[in-house]
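Both of the next two complexes hold chain A, though its partner changes from chain B to chain C.
Now for the complex of A and B:
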């Protein structure tokens, strides 16, 4: 077991090292920081609730650019290794395919969390300059973004196991968008007269990850309290979704011929 | 190096079908191949392009799942992972992470193989020396030539001191000097007791270093032979150039081995069937003659290969 953990750690560290050399990530990060800064500019256009506008724009930028980076790096996870033929020398060593996926995945999550940390520093900096409130809710909301990105990169990892990066990107984006509206779909279904509609939307909400459960922008902007149990539940949900997607990804990847 | 008769690799009735595209008919790439590799030998797996050599290797390495049949390496089913601690693999035209240096690359692979920390550094330095990359050890791989990458490939194959190494076209794309270096490395592995399984279509290298061969064509094993049987089967001739050959010995050679002799001044050219070469050389040297050159004339593995592949193609066309 310790040997497996050590292999996973080696692969995760290596993936992190590989990913942070990707210049496209820095471009995306620059844009994200620019958008966070733009929040200040947009806030000046309003006479009221400037703090709210500033933090709303900045947090949304973090979530959107974080999602873009997660999908961008996640969809190429397997394809890039096969394309570069680096996977052959790794999997011919005592490394199982599941350990390979988990190691690569953890490396990407670490990369994303580093990016998120950089964006969070930008957010806190801008908030301090604008004298906008920063409190526990702010950090809970940023932590929830980290969980959402971990789920998203697990989704992208799953699709990268059998699809080209372009298709995997489309599928992941579709999951991301649906993941943010399953609650609304369920609400629409509940209001419907059709029993079939009610059942279908309820099941959709159950089957697909509810990514809105990681969206605490409103709580952060208005400094509304977020209880520990609420955060713990979101964390449990996030980890469960990651495990579920990675398990399916491993099963798919296990059957794949690496030609 | 003495070859042990125990099979270290045994392949049984291995079949692999690929579907070229969605909705298209399956194509059989490996059609029930079976053979064994013995411990301590250099085994040459040869065949034309597209015959199924690389697919066989990838199946053995667990990169491709067999459609049916199976194989065992060191007594373990190839679907297992743990035994790969004792197996090394060099893919064709190996690619590595070019942001790493040669030393970092070997360190990375040694960590994957769980080489104990105290041993790791020593092993990496030893291999860098063995493959002649000490001076380039701290250069990033993107600055390496093809030959240097091939040597890094060989080094990562050996980083965990495996019992058997699988090499896919190890001499492909190398210049004569590079080929000689890799050939010497393989000979060194052999004398160090390692088993080597080599995919190649460079037949002169096979003749020089392999103990046994198998020829694959259209996904089927069409010929298997060990070095001695190979030489006997190829039926080629050998020219030996000698000086100072005693007349009595020369007459004895003509009588006993049906050799043809031609005098060129002091030098005598002797042509004989390759199967007698050891005995004839023994008599010449024993009789005080000096051998100046020995050269294969026709026959050899190339003729056998072309003959075997040709026969297989004709059979397939019928």
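Now for the complex of A and C:
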């Protein structure tokens, strides 16, 4: 068991080192930081609640660019290794395909969290300069973004196991978008007269990842309290979704012909 | 070398075409061509894909920009209403937009009613904020002439945190139906104190000035009545209140607008600075409409 864990750790470390050498990530990070700074400029267009606008723009930029980075690095996970033929060297050693996938996944999550930390420093810095409020809700919201991105990388990892990077990107983006509207769809369904519609939207909400559970932008910006149990349950759900996607990804990857 | 020349010529030609196209195309954003279009709030929320707070800011900035023109908010109540409705449905936790609606949606009766619906939603979102109650009470009193309802709303605000102590007195005054100019003054002074933008300050200062003008015009009305009783005739000009012996006034009160007092075509004493007498409701047409609606309801059973 400890040998498996050390293999996974080595793979994760290698993936992290490999990913942080990717210049595209730094371009995306630079754009994200630029957008966070742009929030200050946009806020001046309003004569009131400038703090709110600044933090809305900044947090949304973090979520948007975080998702872009997650999809970008996630979809090429398997394809890149096959392309460089490194996967054959790794799998010829006593490393299972599942361990390979988990190790790569954890490395990507670590990369993403590093990027998120850089963006969060930018966010806190801009907020401090503008004298906008920073509190526990802010950090809870940023933590929740980290969880959301971990789920998104798991989704991208699953698709990268059987699709080309472009298609995997499209599927992951689709999941990301629908993951943010399942709550609203359910609410619309509940208002419908049709029983079938109500059941369908309720099931859709259950079987797809509800990414709105990780969206606490409004709570963070207005410094509303986020209960510990709510955060804990969101974290539990996030981890469960990651496990679910990685399990399916491993099963798919086991059967994949890599030649 | 020839390749470089062709490349440079192509680049130059492309730049010229781009410049020409810029000259032919409108620099305005396409949305300006169809200002009336705003998405349904539920659809906007659905298609924001979790970025509803950001979308709310986008529409909020549009609402703020509406005041930027030379005509201010005049004639834009319904557009402001639609924008604030969108903003507050996308992000119900916003604070100022609710009061923004109450402040600028005053073009007609329908706009004031819609503003009241929005500010009531603001009260639901921020039940502890006395300012939303105050704005709602002001709308009932100032625009709709519903003093009792205004008093009820103020009475609920009295106990809220940071509510000024005089709210209770104001509510009592409205309840006893002694609203009038002093209540209008008190309302406006409070709104002026809390006004967050220069345009709102200007609007409140003007309204306060008009209330003060009306108070002084009423003093002159009473002096005119005394003049009639003493001299068995009406005044020909305002100055007669001071110059004809025995005079009813030692001197004329200063006109807050600084332009002096006058008799208008109907023979009513007015400040020549504004030319009409102040009425603490929207306008006569709306009051007529209120009367008709009330009469319609009464006769309808």
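Rule of thumb we're sticking to: the second predicted complex is superposed on the first by the 259 of 259 C-alpha atoms of A that agree within 3 Å, B and C clash if a C-alpha of one lies under 4 Å from a C-alpha of the other, contacts with A are read in each partner's own complex, and residues count from 1 in each chain.
By our rule, a contact is a pair of C-beta atoms (placed from the backbone, for glycine too) under 8 Å apart; a residue touches a chain by one contact, two chains touch by 3 or more.
The model shown is predicted, which means the values in this text are computed figures rather than measured ones.
**Q** Here chain A is shared; do chain B and chain C fit on it together or clash?
**A** Superposition result for chain B and chain C: fit.
**Q** How wide is the angle at the Cα centre of chain A, looking out to the Cα centres of chain B and chain C, in steps of 10 degrees?
**A** For this superposition the angle at chain A equals 160 degrees.
**Q** First (chain B), second (chain C), both or neither: which does A:172 touch?
**A** In the superposition, A:172 contacts neither chain B nor chain C.
**Q** Could you say whether A:182 touches chain B, chain C, both of them, or neither, answering first, second, both or neither?
**A** After superposition on chain A, A:182 lies in contact with neither partner.
**Q** In the superposed arrangement, which partner chain does A:52 touch: chain B (first), chain C (second), both, or neither?
**A** A:52 contacts chain C only, not chain B.
**Q** A:221 contacts which: chain B (first), chain C (second), both, neither?
**A** A:221: touches chain C, not chain B.
**Q** State whether A:95 touches chain B only (first), chain C only (second), both chains, or neither.
**A** It touches chain B, and chain C stays clear.
**Q** For A:84, is the partner it touches chain B (first), chain C (second), both, or none of the two (neither)?
**A** Touch status of A:84: first partner only.
**Q** Quick one: is A:15 in contact with chain B, with chain C, with both, or with neither? Answer first, second, both or neither.
**A** neither
**Q** Could you tell me how near the closest CA atoms of chain B and chain C get once both structures are overlaid on the shared chain, in Å?
**A** Result, nearest C-alpha distance in the overlay: 34 Å.
**Q** Report the residues of chain B in contact with chain A in the complex, numbered from low to high.
**A** 18, 58, 61-65, 81-85, 87-89, 91, 93-97, 99, 108-109, 111-114, 153, 156, 160, 166
**Q** Of all residues in chain A, which touch chain B in the complex?
**A** Those in contact with chain B are residues 3, 6-7, 10-11, 14, 17-18, 21, 84-96, 255, 257-259.
**Q** So in the complex, which bits of chain C are touching chain A?
**A** Touch list, chain C to chain A: 42, 45-46, 49-54, 56-57, 60-61, 64-65, 91, 93-96, 100, 196-198.
**Q** Quick one: which bits of chain A touch chain C in the complex? Just the residue numbers, please.
**A** Those in contact with chain C are residues 42, 45-49, 52-53, 56-57, 59-60, 63-64, 176-177, 180-181, 184-185, 188, 211-212, 215, 217-218, 221-222, 224.
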